[in-house]
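A, B, C, D and E label the chains in the order they appear, each numbered from 1.
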Amino acid sequence: MKTGTVKGSVWSTKKVDGLMGLTLLSVETDTGKIVAVDLVGAGKDDRVLLTFGSAARVENPLLPVDAAIVGILDTLEAET
Amino acid sequence: MKTGTVKGSVWSTKKVDGLMGLTLLSVETDTGKIVAVDLVGAGKDDRVLLTFGSAARVENPLLPVDAAIVGILDTLEAET
Amino acid sequence: MKTGTVKGSVWSTKKVDGLMGLTLLSVETDTGKIVAVDLVGAGKDDRVLLTFGSAARVENPLLPVDAAIVGILDTLEAET
Amino acid sequence: MKTGTVKGSVWSTKKVDGLMGLTLLSVETDTGKIVAVDLVGAGKDDRVLLTFGSAARVENPLLPVDAAIVGILDTLEAET
Amino acid sequence: MKTGTVKGSVWSTKKVDGLMGLTLLSVETDTGKIVAVDLVGAGKDDRVLLTFGSAARVENPLLPVDAAIVGILDTLEAET
């Protein structure tokens, strides 16, 4: 997993059916910006935990997503 | 997922059967050019949403593709 | 797999159910910091062995994790 | 997927059984050289289309390969 | 796949059960050092062929490994 910071929303009207109803957020990571489905209700500037690949689909294997926000960080004890 | 910009088509006459009938587009991303199957009818210069790995095959697990265009971006609210 | 050094814990109160009860550690690798689930009881400054992707879920395919600490290194015979 | 240029063959006598009978080619890509199984009869200097990960195994899930040449490019309409 | 050069062994006494009995080697590649399970009996300084991700587990899906040495290179016809 990686940590990142939410920068804003990503809007797409013309998309595959599998993305309907999902919240897609733009997240800055140490290796660039990615787009992730939000599974925890994250907001702008939140520092979040991201999981990638099929791990992003363990709850719903049919979603066409390869990244998911799975947690909001509540401490920086480690400078993650 | 990542965002990118469609640069043009990729043509291959000699290919595996699994690619027959698919539209393959060259897409510029922040980490270089990739080739993705188009699932939404994207055109040149469109800014698109890309999904990678097995996520690109959720609708058809037998396609030999590792990247898919799953949406056309309609806003840059976030500078994604 | 890769080797890395544990830097500290990652705390998240608001997270998906699948992460409940897991120990998440921040690990420094040669390509940056990542977050991994700890499967062996690693501590700060331990040099560890990391596995990525679905390999991190072979013991529990339903965990939403893409990285796991699967060993603590006990020698540097090779400067790994 | 990515595009690349075939540079030559890769020979290995001592290998796992799953690689027996496969043609392995060295391919230059924009992110370095990789080795891919050839599924289309590509030759040296051919510009080819590569697919990675489990997508390289859709026709034979038991091959221990993570990259496959799935097409020979016949045009550079887009400077892919 | 990628090519690399074996640099030495990686030892871990405290590890997950799934790694018991496996030979883990440190391998230098063009993108850094990785650790791979040895499936062919490679030795120090051997130039080897590596496969990554689930391809490393086609013979045993329950191993928690994401990289495997699947061949020893016997020629450099192509400067792979």
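The rule we apply is simple: a residue touches a chain if its C-beta (ideal position, glycine included) is under 8 Å from a C-beta of that chain, and two chains touch if they have at least 3 such contacts.
If you're wondering where the values come from, they're calculated on a predicted model, not measured in any experiment.
Steps from chain C to chain D, taking the shortest chain of touch contacts, total 2. Common neighbours of chain D and chain E (chains touching each): not present. Superposition angle, chain B onto chain C, using Cα atoms only: 145 degrees, a multiple of 5 between 0 and 180.
Centre to centre, using the average C-alpha position, chain C and chain E are separated by 20 Å. A straight line joining the Cα centres of chain A and chain E is 32 Å long. Chain contacts: chain C has residues 53-54, 56 touching two or more partner chains. Viewed as a network of touching protein chains, the structure reduces to one closed ring of chains, two contacts apiece. One ring covers every chain here, and the order obtained by setting off from chain B toward chain D is B, D, E, C, A.
Within the complex, the chain D residues that touch chain E are 7-16, 18-19, 24-26, 32-36, 53-54, 56-57, 61-67. For chain B in complex with chain A, the touching residues are 1-3, 30-31, 39-41, 49, 51-56, 58-59, 68, 70-75, 77-80.
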